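Both complexes below contain subunit A, partnered by subunit B and then by subunit C.
And now, the complex of A and B:
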């Protein structure tokens, strides 16, 4: 399909430009769909515009022309109307209703395309996965430059979408994030939603020739969902989504060129990889960040539990528990290495270790004492919450609890609460 | 000379050959099983998860084709399809568990990306001209013409196995579908059953691939259950009925496509299923459009008659009344035809009697009816004022909407004045 040939570089440039333009428009609309939980509306519309397009072409419209856009918008509105009709009259859940409506319309479209193949210049395969590779061959002259018609249509739609989004920015955002409040504030919520619907069908039709009906779904949803993972503010999400969409189109096209395969499919795959990377590496709550923060907490808890256990052993309450699990052993090694525990089998606390352990046990017993005083819990229920919170109490909270306990020195089990500060030279731990 | 059925050469042309019959039987059982399994997908709102799995099958078909060294062995290809379908479902679960992405976007991502990967792979295979790859595109939109009898038997056997599984675990599946919380509280492994049902849907999507294609096979799983739902309120009836609708849709789609050259099967199956659904939406008893329309007409008529009686009772205090007087006092939808019915009723059990050319009087029976109606209205008014909870508990879902009787404009005015009264009385 695509062989490297420098004389055709212009062709590739036009194809990439078309893909990027289409993708930018889809990412823009898709961001609104994703935050409004309407991603599947994009799915439904992208399937359902097919019969509209076919009928418009049959009626004499040119692919990418105004008539085709009109046909597609009408088909999209019909889908949504059918879904609502199935919802109100047949009591269908929205997903089933949409599933019925768009598969039926798409089936009608495919049958029309297959039956009228001689009269409609649409290939059933292209309906599904587009013909980005052929886009540069159908051009119109603009300012002496042969510009692909598909690019022209996509660019026009992109400009329309950007202008519309800028003009109705406040309404769009308000409706997206708090439709009830927007309605109460007197915004025409229904009209805004209908506008979004029309915008989705415009973006879909503009993409149709380049990437086909189904891969539009990826262009609509994937960059927006990835951007949502990466940033928190909506206007940034829009920009990031558009950037991801454009980058995915360029990389996807080049990869398809390299591997000699379908460009639209490869763009979807690259967008998927972008999403995967975003899900893994998003700052704050990406999978990697969450695993790291969870594991580091587990690690800290293991170390602190180890220290506290040794401290209690020195206090003479119980023998120190031998490290049992792998995590415990690693924590022990880390503490020995960090100079908290004396190396060797006996392995008591060093001075620094004792300082740190004391604070942990202090937190634990302060909490037990506080719970014992203020919450009517039986004695044997005090330990578990304290065991959890000892890792999270700061000096200030400890101070306040101590003040609240008014110098009460013991915990409810009758053991001393170790002081916050020892004199410089710590006393010997209580003898056995 | 003894012939087996397969070797028999039929003298007349109208009996289809053995292979066609077996394929038809296989497709029929696929349609039946898809309908049955789809019931739970629809009830549990997993319709679109099934769609994502369906779009992912293409990738599996391509991978299996490559792994199998270019053989077009249907069980192998379907095995590949099943593994990627399940991988897609797994991806859905993982995205839901590990990221902030919501369900709808997750479905769209899995659907779009896996389909893109499938297209990339298939297109790469065909660009390299690997022998035997030409037919792989038939998995996009379905094409049963190439099925052999052996393939069809495998499909049929798998479908019957799926149906048997559903039948075996009918109680558990039904419980989980309708009341997952109760099921969990009673100690059923709800998550396990849920996953098992979703996997069954994936199996059906894969088995349905040759008949309906990756893009449209969801419809085979979704539309027949929705159709069956129109006819019944009982799962026990819905399952076989959905199976039946699926069977008819699959068979008629395949039949039409074999008659028209170059026509993929999938869209035709879907259109057949939609036609069945449309008919059901119109004529199904109780839930169908026709039944609803008749019911609402009857209700409106009964209310109009009652209202006429009430006004007539009041007018009669001043002697006989004319038709104009009556209709002027009791305007509204269907008042005119209600009056005609009152007059006609004179032949059987007179409600009104004629007291002149255009002068009417309530008959004994009419007076009783009117009195009873006022009594009931007064009683309901009291109930609504004093014991609203009782009213709520005893009014059924069939209570006609006030808009249907009073008209939308009047109802809007009533609502506004009620809101004004509420805000005047202040909060609390």
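And now, the complex of A and C:
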């Protein structure tokens, strides 16, 4: 670990600021790419800029300078244009077109870098992985402050992106959601889509020095994909994506500092962890929410089945089934604790338990009767569906079913359907 | 609402994908203010005809006029309801967000929907019977509800001519009834409603006039005159092999056998 002197702290501050700015811009653009299912376009563009950078350097541009920046943007646009060309004229599917265009351009870049190694001062490793740690050493003075060139580029691009998104918000969202209807309504869909591609190129190129060609894809796609899991409206998704991107950059950089490893790589790892957490904890559709919902249903079903079984025993048809599985036993304990079942070996229903059990058995038999009347099912096929549906019927639908069955007494097996409500009896002390 | 005598005219319209014609020489005039059905088998080119009218596919030949003018001059008076499957319903927007999109073109650049647009959207949602799901994410709706959201968006465009592509596909009976009622109201207000439709049973009940299409126009006119066994046989009896073969030859730049 490095020492905590003030020069070092400034270095780290600039590196973190650069990573966060780059990440914010990528998350902004990435949100549009993710909802349009174009995440891999960022991948294509980020690889394809390599030959542009090499040629710009060869033409005399300084690595990190404006000329190289421009070369990269031009190369990115060429990729997009080539992809479209391959799609519309060579009849290649869009993803295949992108696959062909960006790998070819990237390969040209690799060949150029190796062939011209003596004349061009470019480190291929730097292009692929970026060197965030070196960003603070290449500065320009602004108002007496030595600001990293990469941060300046990233901040400029971020401002341009935010302004463009704010100005064209309606058009961007409508085009992303329903391009055909947007076109029919007269919106300039082609222009808006092209603008998004230019924005992607800008964000990618601005991120290049800091995080490199491969990890910029993580910044484009991952925070936006995580945000899509967490919120249901696009403007919130955008804000959440930016927040996740910035947070991931800060945490990732600090973690890399602590473990003394590559910062860009660590940031991408942290972004991946953010996505994992979002997938786990997303409200409603998250893995945890689904497991909780499934297990709580299982638990409710076990408790209700237990009550219904005791009711049937009281009715005298069958002996109450002893709880067998662990879940049954837990349900039994819960029902005793909750005052539904009388404690002890013989344990019958309490008054409250009897009320609840009656409703379940009523639901069960109503459903059997309804199936018997409306669905062609043999008599011995009625019980299993009723075992399932009894847990999902509410009072209102029970009432409607009962009204529908008016005149039919009892279920198809000839047993009474218990009434919805018993006339109130004076409370009896629970039998012990 | 002012509508000229002819709401929609196709003059010798041919549409090709690549070089291959898929819709041949359609010459069709639809009067104003009616429910007009475009009927035909799968792959007949019904949706293509609609998209040709909306400028979404290029014409290989011919001309389309809407309300007596070329499309560019009347775009603001045209509403479109695409096929429901054409969009991603997991897109993170609410029902109201989608309906507001109908006001975007009218608003123009740089202006946001304000209270006026919001109340218009609420009114349109009420018309299609979706007021109670206004804030719901669109992915949580049933197919029929999704289709009604699209209809509400088109209503928010306040157009004079509406184009609907298979609005009843995968839609429950209740939604279907509701949609047809809204469309009948539009007609009563003097608007033209053109619907690509596949269910022959509901045609006589709701439509005023139809065009039977199978790669070319088979017949058009009032429902009672057009839906004859002879016309239906000509529409549904099978492909016209000769059009298929010529189309392939045109696409390949060759000659038919």
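Keep in mind that, in the parts below, the second predicted complex is superposed on the first by the 384 of 432 C-alpha atoms of A that agree within 3 Å, B and C clash if a C-alpha of one lies under 4 Å from a C-alpha of the other, contacts with A are read in each partner's own complex, and residues count from 1 in each chain.
What we mean here is this: a residue touches a chain if its C-beta (ideal position, glycine included) is under 8 Å from a C-beta of that chain, and two chains touch if they have at least 3 such contacts.
Not measured: the values here are computed from a predicted model.
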Aligned on subunit A, subunit B and subunit C: do they clash or fit? clash
Touch count on subunit A, higher of subunit B and subunit C: B
Touch test for A:174: subunit B only (first), subunit C only (second), both, or neither? second
Thinking of the overlay built on chain A, is A:228 touched by subunit B (first), by subunit C (second), by both, or by neither? both
Check the residue A:128 against both partner chains and state whether it touches subunit B (first), subunit C (second), both, or neither. first
Go through the superposed model and pick first if A:279 touches only subunit B, second if only subunit C, both, or neither. first
For A:308, decide between first (touching subunit B), second (touching subunit C), both and neither. neither
Please indicate which partner A:99 is in contact with in the superposed arrangement: first for subunit B, second for subunit C, both, or neither. first
Applying the document's definition of touch, where does A:37 land relative to subunit B and subunit C: first, second, both, or neither? both
Residues on subunit A touched by both subunit B and subunit C 37, 228
Can you list the residues on subunit B that touch subunit A in the complex? 42, 45, 47-48, 51, 55, 95, 98-102, 104-109, 111-124, 127-128, 137, 140-141, 215-216, 218-219, 222-223, 226, 229-230, 260, 262-264, 266-268, 270-271, 274, 277, 281, 287, 289, 292
Residues of subunit C defined as touching subunit A within the complex: 51, 54-56, 75-76, 78, 80-82, 86-88, 91-94, 97-98, 101-102, 104-105, 107, 109-110, 112-113, 137, 153, 157, 163
Which stretch or stretches of subunit A touch subunit C in the complex? 35, 37, 167-171, 173-174, 176-178, 180-187, 228, 231-234, 236-237
Show which residues of subunit A lie in contact with subunit B when the two form their complex. 1, 34, 37-40, 42-43, 86, 89-93, 95-96, 98-100, 103-104, 106-111, 114-115, 117, 124-125, 128-129, 214-222, 224-225, 228-229, 256, 259-262, 264-269, 271-272, 275, 279, 285, 287, 290
